[in-house]
Every structure is written in C-alpha cells, then in structure tokens.
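See the structures that follow.
Here chain A shows up in two complexes: once beside chain B, once beside chain C.
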Partner chain A sequence: MTYIAKPKFAHPSLQPNAVGYTRRDYEGRVSTLCAGCGHDSISAAIVQACFELDLEPHRLAKLSGIGCSSKTPDYFLGASHGFNTVHGRMPSVLTGANLANRSLVYLGVSGDGDSASIGLGQFAHSIRRGVNMTYIVENNGVYGLTKGQFSATSDKGSKSKKGVVNHDSAIDMVSLALQLGATFVARSFSGDKAQLVPLIKAALRHKGAAFIDTISPCIAFNNHAGSTKSFDWVREHNEAVNRLDVMIGRSPITADYAAGDTVRVEQHDGTVLTLRKLAADYDPTDRIRAMGFLQERQAAGEVVTGLLYVDPEAEDLHDALGTTRTPLNELNTADLTPGSAALSGINASLR
Partner chain B sequence: MEPTNIESPDYFHKVVDCQWACPAHTPVPEYIRMIAQGRFADAYMVNWKSNVFPGILGRTCDRPCEPACRRGRVEEEPVAICRLKRVAADNKGELNGRMPKPAEAWNGKTVACVGAGPASLTVARDLAPLGYRVVVIDRDAKGGGMIRSQIPRFRLPEEVIDEEVGYITAMGPELVLNREVTSLKGLLAEPYDAIFVGTGAPRGRDLDVPGRAEAAANIHIGIDWLSSVSFGHIEKIGRRVIVLGGGNTAMDCCRTSRRLGGEDVKVIVRSGFDEMKASPWEKEDAMHEGIPILNFLVPKSFTHEAGKLTGVWFEKVGWQTGEDGRRSLKPTGEPDQHFECDDVLVAIGQENSFPWIEREVLDFDKWGMPVVGETTFQSSNPKVFFGGDAAFGPKNIIWAVAQGHEAAVSIDLYCRGQDVGLRPPPGVTLASQKMGIHEWSYDNDISLDERKKVPLLETTLALSSVKAEVELGFDMALAYAETQRCLNCDVQTVFSAPACIECDACVDICPTDCITFTANADEPDLRASLKAPALNLTQDLYVSTALPTGRVMVKDEDVCLHCGLCAERCPTGAWDMQKFLLNTTQAGGCR
Partner chain C sequence: MPITAVNDFVVKFANVNGSGSASANGLFVKSILRMGVAVAARNIFPSNIQGLPTWYEVRISGEGWLGRRGGVDLMVAMNPQTWDRDLAEIEPGGYLFYDSTRPMPPERFRNDITVIGAPLQRICNTAYSDPRQRQLFKNIIYIGVLTYLLGIENEVIETLLAEQFAKKPKLIPANIEAFHMGVEYARENLKPLGLQVQRADAVGDRIFVEGNAAAALGAVYGGATVCAWYPITPSTSLAEAFTDWCEQLRVDPVTEEAKYAIVQAEDEIASIGMVVGAGWNGARAFTCTSGPGISLMQEFIGLSYFAEIPAVIFDVQRGGPSTGMPTRTQQSDILSAAYASHGDTKHVLLLPRDPGECFEFGAQAFDLADRLQTTVFVMLDLDMGMNEWLTEPFQWDDAKQLDRGKVMTAEMLEAGRDFGRYLDVDGDGVPFRTYPGTHASKGAYFTRGTSRDRYARYSEEGAVYVDNMERLLKKFETAKSLVPAPIEARASRPTRFGVIHYGSTGPAMDEAMAALEAKGLYVDALRIRAFPFPGEVFDFIERHDLVFVIEQNRDAQLRTLLMTEGGVDPARLVKILHYEGAPITARFITKEISALMGAPVQSEMAQ
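Moving on to the complex of A and B:
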C-alpha cells in the first residue's frame, strides 16, 4: 500500500476514447490493499475495459459487499455510482437497483468469502433470476482480512501459509454459475490481463447474468508452495480454452485466423465475440458439455480459464417480469397512479 | 534486446538528463534537494566543486540542463535549475572552512595560465590545492575574463564576480594582471612545467559593407563596446541604436544601450526569429524591455552625413529551398529598407585570435585553430594545453569550466610523467533510499506546480542604471516551490529480476505507463509494443534478464516520474529506489 496519491501526470501518448475520457479518468482513489495484491490488477483490468468500451463513467454502477475484494470499487471508476453493501448482500442490492433503473450498466464486485460463504444464497438467486449484470468474484481462496483462514473456495488438500491442510471440499463458483443458469460464464486470472480485459468487456456488453470467476493471488496469505491460488500454481496449471477478441458495432473483423480455429458469437447488442480456440472441440455455447469438460479437467488438476459458456440469445429479469422499457425511476406520477378506472379494470380482470 | 548493464556508469547517468547534458556534469537533483532542505551552503559546495562559479552561472549560464530536463517532457516547462543555483549562492551565508586550503608545500611544479577567464581560473583552482605554483596572466586589470568584460552588470553584479574569483585566488595562485602575453615562444622559455591557454575568443567579427569606414565613429564592435562599458570607459550611447546580430551578445548590447541613453533600440537580424542563436529567455528579456527584434534583414550599407552615421540600409530576405533540397536565405525582391540611427553595435559573432602564438611552436589546422586533443586538451606541443573558447571556438562559461577541469587532469598527469590519454573514471555510488515500508529519504510526492517566474526589478528602475540587477532572484517560498518540481531523476528505479513474481503491481500503479512485461524482441519491435510506445529514441529502454514466464521487464526511461510507486507497490522488493551519485574525477582525485 502507499500513502501518496498516484501523480496526475500521464504519458504524453495517452489518448481520449470516443466519449472524451483517457484511461486515467477511469481510475479511482489510491489502493490501500497490500502491495502486489491480485485485486489491484483486476481493478486495472476493469479500468482498461471500461475505457475501451467508451463507457461514460456516470452510466455505470459498481456494487460490492465486504472484504478485500469489496473494497476495490473505491480504487476504480471514481466518477461512477457506487454502493458498498452489507456482507454477502451485494446481489440483492444490485437486483433492486437494476429493477429501479435498468438504464445503467451494473458491475458487482465480490470475493470468495462474500459470495461463496455468507452470500452464497444471494449469489445463487441473482444468477438464476438472470439479473442483467457483470458479477466478478475476486477469488483468492483465503480470508485475507482475518489473517489467512481457508475460505469456501480453498481446494481440498491445499495448504495454508501455516502449513495446515484443508479437509473441506471447495465450492466451484463456475460450476455453480453454469448449473444456476448464468448466460455468460468465464474464468480468468489477475496475472493475465490480455485474457481478463476482453472477458470483462464482453461481460459488460452481455445482456443477462454474466459471471467471471477471477483467481487473484493473496500475496500476504496465499501465495506459498502448497497453495492452489498462488501465482506459480495458476501459471503452471492454467489451461485456457480460448482467447477472446471483442468487436463492437460494425468494426470489421481484421484478425486473420485459419478457418475452423475460431468461434464467432454475436451478442444481442451486436457485440461480436471472436474466440480463438485453444482447446480443440471446445464449444462455448454448449452448457452441458462445458460442465462436463470442466469437471473432467478439474479432476486432472487443471485450472480451466477463458470464456466457458455464453448464450447469445439470453434474456434477463426485466424480460421475465415484463417490466416497462422506461426505467422505473423515470416514471411520472400519472404512469405510477393510473387512477380508479385502471384499478377497476385490473379488479375486473381478476374476477 | 540484451539485458541492460546498469553497472556501466553511463546508463543511470543518462537517466539524470540534466546532469548528463551539463558539460561539467553537476549533480543537479542532489543540490536541488539540499536547497529544499534549506542547506544552501551544502548546495553551493556541490555546485562549486563541479562548476566553480555557482553565483555567476546561476545568473548567466546557457543552461544546457534545462532543455534536457525530464519535467519538460511531462508538462510544459523544465525546472528552473539555473535560478535555483543562484538561490544556493545568494543564501549560502558562511561557508565555514568548506573551501580547500592553500597547499602546505610546493610540489616543485609551476604552471602558467594565459588569460584569467573561467577556463584558466578552473585550472588554477584544481591545481593550486595540489601544491602546484600557478601563475595566471591576463591583459586586463582584474581577473574574470569575459565574465567580467562582456556580461553586463545588470545581469551579473561585480561583487559576485569578485567573490567567486576571490575564492580561487585565496587558494594561492598568483595573478599577474595588466600583462599581455605577446609570444608563446617567450613564455615557453620561462621556467614553466606546463602552459595552459585560456584566452577565449576575444575578437568580435566586423561588418565590411559600404560606409563602414566613413561612419566608423558611430559603429562599434559589440564585445569591445560591452567591455568598455564594463570597465567604465563608455557611459553613453546615441538615442537611436541598431544592434546587428541575433546571439546572446546582441541581447546584452541592446539591453545595455537601453540603460545608457538609447531610447529607440532595435535588434535587426539576418535570420528568422526561431533560428536566432540567442537563448529564448534572453530574447524574451530584451523584448520585455521594449526592444523590438526585426528578422530577415541583411545589412547592405551604412548611410552617413559629414562623417556622422545616419542609418543603415537592409535587404529583405527569406528562406528558400534550393534544388539540392537545402534551405538558404535568399533576397525576396522586396524594396530595401532604411532604418535611421545614431549608433550601430555589431554583434554578428566572435572569433579566436592567436597572433601571439608562433606557428612553429605548435600545429594549427586549416581554420586557424590549434590542434587540440578532444579529451586531453593537449596541443601538439605536449607542454601546452588549451581550454575554453580558445580550444574549440566560442561556447559559454559552463563549457569553459568543464574543459578547464579536463585540462587540469591532463596537466597533473603530464607533470607527474603519466599518460594523459588514460582518463580517470568518474566516482559513482548507488544507494537504496528506502527508510520504511513507504518511506523514502527523498520526497517522492510529485508537485503539479508550473514553473515559477523569477521576480524582476520594475522596468523603469531597471533601465535607470546599468548596474542595477534586473533579476531579483527567487524568494524562499518561490525557491521551495520550484525545488519541488524536480523529479529526482537521480533516484533510480533499480530492478532485480530474481525477486520478481510478475504480479503486475508496478505496471498497474505506474502513472506514466513506463513498465511493461512482454516477450523479448529487437529494440524497434519492443519500442512499438510497450504499454505506451517508446517514441523518444534518445531515451533508453531498461531491459531485465528473462523472468520465470519467459518474459522480460522493459522500462522506458523517457517520462518516468521517479515517484517510487513501483517500488512501494512491489511485494517482493524487486524494485528499489537507489540514489545514483556521479562525481567526475578532477585533477588529483584519482591518485
């Protein structure tokens, strides 16, 4: 951590994006996390993704719970809306905010404690309802704020910094999300921004519940030999199924790949996801086979990363509820209180 | 690329842009920090050791350090290095015995220095404390050379010259004044073990156009005229004055004229404004005093009546590109222009002049310059050394000082019978500045302040006397604020590849996107593929050895703020902030 703020001076080549902001404009306050924390890299990836997407900062809301990961929204997008909620309750607050104002882009940031322990139920229900959001779990497999106890995502058999072996089974958030019906599921690694940034971009453009499990080594308590969330372990066992390029609007696809090496997926809003295959025969639009593949590779000790599943035709909670296109917070009194004639009509329809 | 060899003294020296650009390699950030701490005498001595004349240079230096300053690449203006030097000189107070003492015993060797300008005085200063008997001979009545004769008093008060020349004479060299050396042969016959020639470039170039002879009474050679003003022989000039020439001497001439009765003073220059040789700030200072600068006018003839100058005819020229693609100034065909005036000052350049050196004593080249070793400053006569403007033509004080140091090293080696070609390496230290987890022994918080302006004497007061110093110098508050603009480029980012775990923390925190972890490649490819393109080819890339993932760390030194955040965010101490201090070795320092 550092006491001084990041100096305002920037590289002379720094350019503004289409909405007039430079990448530095998407930064937040200086991080108070431990030096080298993976979470800071994820914050930098979010900054980069929002800059590249030409997102106007005031059109995004960032929500989080409690924990090291949930502190991070203070360290990026300083000009966006933010809500630091109760422990494990981010998904509910996000759902409510999304229902009230569907015009914002919602980014939920949580950790393995916040989402896999105290907030597991909240996590599950927000996913299965298909809330239109990007849900990032900064997964370090340890309770860092309380000095290094195993968390619910610590792998069985992995060792704590003290040398204790974990005897509990791990919750695999990616498998859970697939099972619960998330329409965009990915896993990445804080130490690989080339993979992480396009995934965040695609997720932010995805309509529906987009979930990214990001392994983020805890430098202070979970970066030792015997840990399965350390830089070394993840780098040695990382098996990326694909590499993602995100094309927005009508920008031509310039990357030249041999036929059969890519999968092209067009999302609702026209975002084109070009996936360069790294694992042969991996189809990111087949949920059932994705689940099987994950189980198989996990059993072999691999950490599978990349865009694991995407449903380009996904619908969200607003579609399911048939809510009005106008954000609820913009409805006026006449729309909200249509009068006794309308009430009579409703009553009559229920007789 | 090959991993960077940070063991080479040049690598980190180049990162300290100001020190690298300074001919004398003064450790600039080191003394700026001392000024910030109020250690003015210490800051003065750091300067004095390196550049001999901090008070004089703090007012008059051509400041090669400032265009090089990294701050100028991060925001608009460089740090006001030169004027901070003056702050150290003005506020140093008692030096309390910091100056070297005269040698206790004569070492048996005697050295003559011809001319008492900055180069000769530097040689005297370096050699006298080592036990040499140094005899400095000058034709003028006081020591200082061009510092005293050519720089007007309103830029450089006489007390400052007396003080800094005095520090040198107090160390024992003998000053022989009012003696013009007329024969080097004769001097060589005297019992000197070595002779140093520091006679400068004492001859102002004349302008031979029609009317020059007839109107001679009102046409003056700039440097001679300035010298006469300095020694009190001239106290007045006509009401309307034209200064010909676009260099710093021209600026001194026009500003001096304004103080000696010149009301309508113009500078008329052959070239365009941007191509003028004068430093930008000297042009600004002249214009600030109501002196217009007219460009693209070539003097054709002087007009006169009854032996009295009445004006000058000029031909209008402009840039034209010839068939060979080279730009040159050509007449535009517009009608000639006539400007009326009472006096003309010719400041169109100056030349070396060695009528007193017999050609059989040492070799001269086809341009009439002595053949001098580029690093040794030794002439073809091994006993005779050159330095300052006398060696390689007109430059400025700081070059004369730097060359004086090198010549003194050579003279010392020569007098001890050693090879003058074996130059002593500089003294270099590199020391960690870490004091705590996020605590450094330097102030790493970056000030966003813009360059501070030096307060000036009110113009009517300034123009009322040729001796009233125009620049008042920074006060304490301005000086402190200006010191904080220094980026401490001498505190280096030192990277240890074995300690790095490639967590990206440094990449994420770096405000200027200097750091990239990437696959190694050739320099052009690397420069193009970094997080921010490394387009400034004068600035090096710092490349590590291979890391566990096979990548390398590449840091573009160009706009690094030396804020130390990479080191603060590094969990393993792979980055450290280490102060690089380089002192060039001076005579006697290498024994």
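Moving on to the complex of A and C:
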C-alpha cells in the first residue's frame, strides 16, 4: 500500500503484446513487502500472465481482503481498478462486482489468514456458487503483518519462529476447493514461475470458479527449519503432477512433448491447455480421483502441485441466474423501470 | 349496555398458528374493504410455524383511521390456550364469539359482555370426515357466522372466494358451501350484533398492500439490479417480493434473460459484501434485513461510508436487543443504523410511514445512494412491513430518469477532466467516481478502507486524513437538502406544544391528534421522514415550548439523535415511548399526551 509509483521508463527494446501494451504496462506501484517475499514473485507472475494473455489491463478488476497478500494488488496492474476490501470478505465483494458487470475479468487475491480463517465461509460459498473468477491464495502458513502467529493452514507439528509447535490440524484449501465444486483447482509455488505463470493464464481464461493455492514462503516469519512452508521444505517436497502450456485461440501447439505424455483440455473459450503428465496415474478431469490422489500424497509428506482439476465445460453463477448478456451496470432507466402503465395494473391487482 | 357502532369498531381474532386461520381472516378484511369501508389489520404472531397463539386485529373505521385504536369490541376466541387473556381484553359492553361445541363453565365468562356461541366444531364434524377439512372449513364457517352477525353482504364473500381460488376453481363450491353453513347457522340461531358494517364509499382507489412488497416494488422502479440477502424475519418477504416483481417485470420477453441478479447469501455479512461489490462496480444493489443483520453488517457499512460506495439497506425493524422479539414490531435500530460501524460515521436514514412511502422511498433510496455514494437505509418495521395496509395507489412519473450521480465517463476522461476519486470539485463534498473498466489508461484507482488522499493514494498524514473526514461531513450536510423533508400537521389553533413522530406511528398519531382536539388539547405534529434532519426539524422544535417525541423503542433513540445532531435542550423534548412489541395505539398516544399537557411543568422536570 505504497504511494510510490514506479517510474514509467520503458526500454525501447520492450515488445508490445497483441493489444499494444508492454510488460511494464501491467506493473503496479513499488512493493512495500519484505525483500524476497514470495508474494512479490506471485505479483510478477500475474503481470507476466496478463501480458502474455493480451489482456487489456483496464478490463480486469483485482480485489483482495486484508493482510500481506491482500496488499499486493497495488503492486501489479496499476491501470486496473482495485479494491482492498475487509478481512476475509473479498469473495462476497468480488461476487457482487461480478454480478454487476459480467464483462470484466475478476482476480481475487487473498492469503491463508484471510481465506482459511475469518474468510473460510466466504471462500467456500463463492466457490460453490461458481463465481467466474480467479482466486489466488498466497499461502505462507503464517500471519505476517501481525508478526508470526500460526495460520489455519500451518501444518500440525510445524514449528514457529519462536519455537512453538502447532498442534491444530491444517486446513488444505485445495481439498476444500475440490470438495466445494471449484471447476479449476491448482496448486503452485511462488518459487516456480515456470509452473505458476501458465496456471494463472489458464485460470484467468477459465469460466467458473478457478482456485490456485500458491505456497509462498514468508521470509520474515516462516522460512526457518521446522516450517513446512519454507523455501527449502517446499522445494524438497514439491511433487508436480503435470506441467502446463496454455494456447489461446488458434495458436499452434508447439510443445515438445512426446505423444502419450500429454493431456489436451479445451476450455469453453477455445483456450487449449496442454498438460505434460509427470505422474502417470493422474487425470486432471476426474474430481473424485484427484481428491484421493491428493490425500494419498499428502499423507506421504508431499506437496502436490500442478493443475489438479479442471472442468472445461463449467457454468458460472450468471448461467445459473439466467442473467442478461448486457452487464447489469449498463442497463438504463428504460431497461429497468417498468413505468406508470405497469404500475396501474399492479395497483388494480391490490384492490 | 352492549356497544353499538356502525363502521367503527375493533375485531380481534385469537387463533392457533398454522391452523389456516390467516386466509380466512384475510377474507374477512377484504370483505370490509369491498363494502367500501376503511380497514386496518394487524397480525400479531409468534416466532413459530405451528401451535403457538396468534392474533389478527382488525380496525374498521368509517372515518378512515388506519392506526391501532386500542381495545377490542369483538373477540373471536378460537384459541383455548389464550382464552382468559383474550376475554380480559374485551371492552365493557363488548362481544365474545366462541366455538360452543364444548360447554365452558360459567365462571370462564364475563357478565359485562355479550357472549355468542356457535358449535363450529360440531358443524364441521358432521359435514366433514377428513381432519384437515374439519380444520380448514371451520375457519370459513366462522367467517359465515360473522358475516351474518356484522351485516356483511354474502355476495362480497362469495366473489372474494371465487377470486381467491380462481386458479383452483374446483375448490370454490366447497368453500362457498362451508361459508353458507356458517351463515345459515347464524340466521337460524343468532341475532345480528350491535356492531354493524354498512356499505359506504370511503375506500376510493386505495390499495391494500404490505410495506415489504411495496418497498421491493420501489427497488424495481428505482433500478435495483442486484439483491443479496439472507432470510430473517421480518424482512424475508421483501426479498421474496423483489423476486416475484422481477420475474413479472424484469424478464426480457424475447430472450427470457433476467435484468436482475438475486443471490441468497450465506449470511448477512456476505449479503452486504455483495451489495458493496456491486455498488462499487456501478450496479444498483440492496440487501434487506432486520436488527441482528444490521449488527453483523457494521464493518461493511463503515467501508461503504469511508470508501464511498453506494449501498441500500432495507431494515425491517423488529423487537431487540439480541434475538429479542423477532415477530414483534419496534423502531429500535435508529441509533445503530444512524451511526453504524466503528470510527466516526453517519448514515442517511429514510423513515417511511406506510407502504405508499415504502414504495416511494424504496425507489428514491437508490438515487440518493448513487448521488451521495454511501449507504442509505430505508427503515421499515414489522408493523408496516408484514401487514397489508390501506394506502394511496402507487404513482410513477414516466419522465423520471434514474440519477446515477457523479460518474466520470470515458468521454470526460478523454476530454482531459481531472479525476481525483476523493476530490471535491463542486463544493458539495461529493466526488466523482469511475466504474471499473471505463478507460484504457485513465480513471483507474485503488479503493480501500484505509486513509488516502484526494487522488486515492494511501496516506497516513494527519492533515490528509482530516481533509477527507471533513469532506465526508460536508457531504452529509449536502444530504440534508436531498432527503425527504418533514411534514407538519398544524393544530387548528396556535399552540406551544409540538409532537415529533416518524414511521409507522403516523396513522395512530393522526387519530390521536383528532382525539386530543376533541378534548380541547392542541398540538402541532411534525413527521420526520429522514436523517440527517433538514433545518425544518429544528425550526419546529424552536417554535414550540415543549415537544413530545413519540417512539416505539425504550431509549428514545430519535430524541437522542435530535439532541446530538441539533444540540436541542433535552428538557424540551419529552419522550413518549411504546415498545411492548405490538404496534402503538391512538388511545395510548392520546392518554400520554393528555396527561403530559395537563401537567407540562412536571413532565419537563421528569426528563
């Protein structure tokens, strides 16, 4: 939440994308997070993803709750409207915003404190409603802004910087999202940009509730030995099930995968997701098996990452409500106000 | 002496909840309206679906008084559980009608009233074998008996039954038959009462409608497109009515697409969150709730105030605090709405009097919320919200356009207009806003609940913070000129006494004022219709030595607002409070004011 704007110098060699913007146009203000924070890597991944998607910055709305992660929307997409809402309530505000104007792309950014504790209910209900959004949880397993308390995603047995051992069970938001009916579920790691950028791209193009749990180590309060959200621990235990390439529209598929090793998934809008399979028995279109696989690997101490589930034919909340194609915020008096003649009929029916 | 009255009496039905009495009682009320006589009916019901006592109080008034009068002239005692208290309520000289199938010991009656028995259960048991029919038709049979006793025209009831079952015409003959069983029994065994309904022409083109349905229709006409809500008595029927009105009025006839979005949220917090999100994004959005919901929504209301996001909340007030009396009426959320949320906040309240104003303010609230970019409350209560009231027909001016307030468009940005989200360009405290997605490179800003400067940049500078807070106060001043002005009813003679009242107290106050004049007591009455209070409110107080403030809460909440916001000397504002949960009555107001005007000096001291 800084007021320091990044200088807008653009190196002449910067290439614009198909809609005429350079990568710099997708940046925001200077981050005020700690140097080396995983969250800043996620912000950079969002910038990269939006640039590569040729998304006009002003057609995206970014919303967040309260906490370190929720500060980040100020640090990317400076030309987008942003809304830093209240603690744990980003999902409801995003839902309302989405109802008001279905033509924008919605990105919700939250943290484990914001979404797994106070906001667990709103997280759950926005997912089960199928709000068309990308919901990124920057998960560091700790309350950073208040200096190091355990969060609800801290693993049982993990040790805080002060040496306290967590005795509460961890909430696994990926399992929750799968159970709640999210139609795009992924997990990634802030330190793995090559995996994260395509996941964000695919999520932004997905129609429906897309959830990405991004493990993002807190270098100030949760990066020590004994933490299960530290850079070292995650790198050692990261078990990627697949690697993703996102192809928009009719772009040729140039991935160099051997036949038989890939899964091709075409989303509603024509986006083609090409997944290089790393785990032979993993099918990202089978929700039930995905849930079982996750539990199994989790019990074995692995952090499963990748695109874990996708329903390419998903419907969203607007489909369920039968809302008009025209954004509700563009409807005018003639569209909305039935007039005095209709009122006379209503009066007559009330006598 | 038995009471004799034509078109001026009170009938109270004592029933068991869930016994099907509501539709029979509604039929009774409609029949009186169709006889051209004004009527006011109030449901007094428990927080229960089946089994607990429920009452329906019907005021029949040839003079057109629509408030509760107080007292009961005819008790229709259909609930043995409440027999003793129901009997005790009857006026001396009044009437008791009961089911005489089972004999009652003489000591359970009163000798100063007229008792009319009809063996309703026996008639039913003889005519019907199905237990459900025995129960339901018993209600229609007692309507038949009452029709005869009170001189209501049979044809009126028959027509209403035909209308009621128009979609299930098979049920019409059976209902008419049951109705006639009651009429015939009465004709053969009973005499008409001293209380009579006589055909008149006093209803005119007025309509009979619940405030919640009216407010919901107002929201449709006011251009609301997003409704997020959570069920809570007594506001639930507002969201349900909005759904019905939208299905009727807002579905595109060709594409069948909905020009609205209604979401039943997981709780009140999510409801107001969705409203704030939709308001931020330029749609007109509302939620409806009651006191407990207002408590839950506090944080978001503060965000709406500070981040300046339009929102409309219909608060259908019920008895508080806590779960309180969820099915009884009160005006007890005034302070919690006016100053909702932490920090220094103030919110616009609209205070409708009846369903007519629920419609009018229900639409206007959205213009005000957009114009002022803040939360606007419409403060109904259970009495007007959940009861059908006789009210003037709804009106709409087709020339009226929705006022979206100060919205900077892509064209304005392109033309080089300076956009500062919190910049007071017009001196009225109201800044311009942009909708997300307006322009590719101009007009985007970051919305937050933290302190920021005029260009929406985060700032913890004291002077910047104060500048913003002072502008919000200025904006609240601007609101005074936009909200509905108070309405004064002057006494027929100059007087140093005034009355201030608001909301559903209005109809009882009108009657009390006439009753006071009949006793030679003159008061000017000011009905407040909004907060912040326009200057006329304090001029009125200034013009009177003593002002009675009538409220349906314990702590005189509006009086507190008057003192706080206007610096009024507390001694000049005498509180008159009625908060037992049943709506205030004309007799109560008359009695209280009479007593206070008899000894005004003492009452001043008492404050």
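Keep in mind that, in the parts below, the second predicted complex is superposed on the first by the 323 of 351 C-alpha atoms of A that agree within 3 Å, B and C clash if a C-alpha of one lies under 4 Å from a C-alpha of the other, contacts with A are read in each partner's own complex, and residues count from 1 in each chain.
As a working rule, a residue touches a chain if its C-beta (ideal position, glycine included) is under 8 Å from a C-beta of that chain, and two chains touch if they have at least 3 such contacts.
Computed from a predicted model, the values in this text were never measured in an experiment.
Looking at the shared chain after the overlay, A:Gly111 reaches neither chain B nor chain C. Touch counts on chain A: comparing chain C and chain B, the chain ahead is C. By the touch criterion defined above, A:Arg325 lies against chain C but remains apart from chain B after alignment on the C-alpha atoms of chain A.
By the touch criterion defined above, A:Cys34 reaches chain B but does not reach chain C. Of the two partner chains placed around the shared chain by superposition, chain B is the only one that A:Pro217 touches, whereas chain C remains out of contact. When the two complexes are overlaid on their common chain A, residue A:Gly65 makes contact with neither chain B nor chain C.
Touch criterion met: A:Gly191 reaches chain B, while chain C stays clear of it.
Once the two complexes are overlaid on the shared chain, A:Ser13 sits against chain B while remaining clear of chain C. Residue contacts after overlaying the shared chain place A:Asn101 against chain C, while chain B stays out of touching range. According to the touch criterion, the shared surface of chain A, contacted by chain B in one complex and chain C in the other, consists of residues 1-3. The touching residues of chain C, when paired with chain A in their complex, are 33, 205-209, 217, 220-223, 225-226, 228, 249-250, 252, 255-263, 265-267, 269-283, 285, 299-300, 303, 393-398, 400-402, 434-441, 444-450, 453, 457-459.
Only residues 1-4, 6-14, 24, 34-38, 40-41, 43-44, 190-191, 193, 217, 219, 223, 231-232, 235 of chain A touch chain B when the two sit together in their complex. Here chain A touches chain C in the complex through residues 1-3, 56-59, 61, 63, 73-74, 78-86, 89, 91-101, 103-104, 121-122, 124-125, 129, 317-318, 321-325, 328-329, 331-333, 335-340, 342-343, 346-347, 350-351, going by the rule given at the top. Residues of chain B that touch chain A in their complex: 73-75, 438, 444-446, 448, 501-505, 507-509, 511-514, 532-533, 535, 548-549, 559, 561, 563, 565, 568-572.
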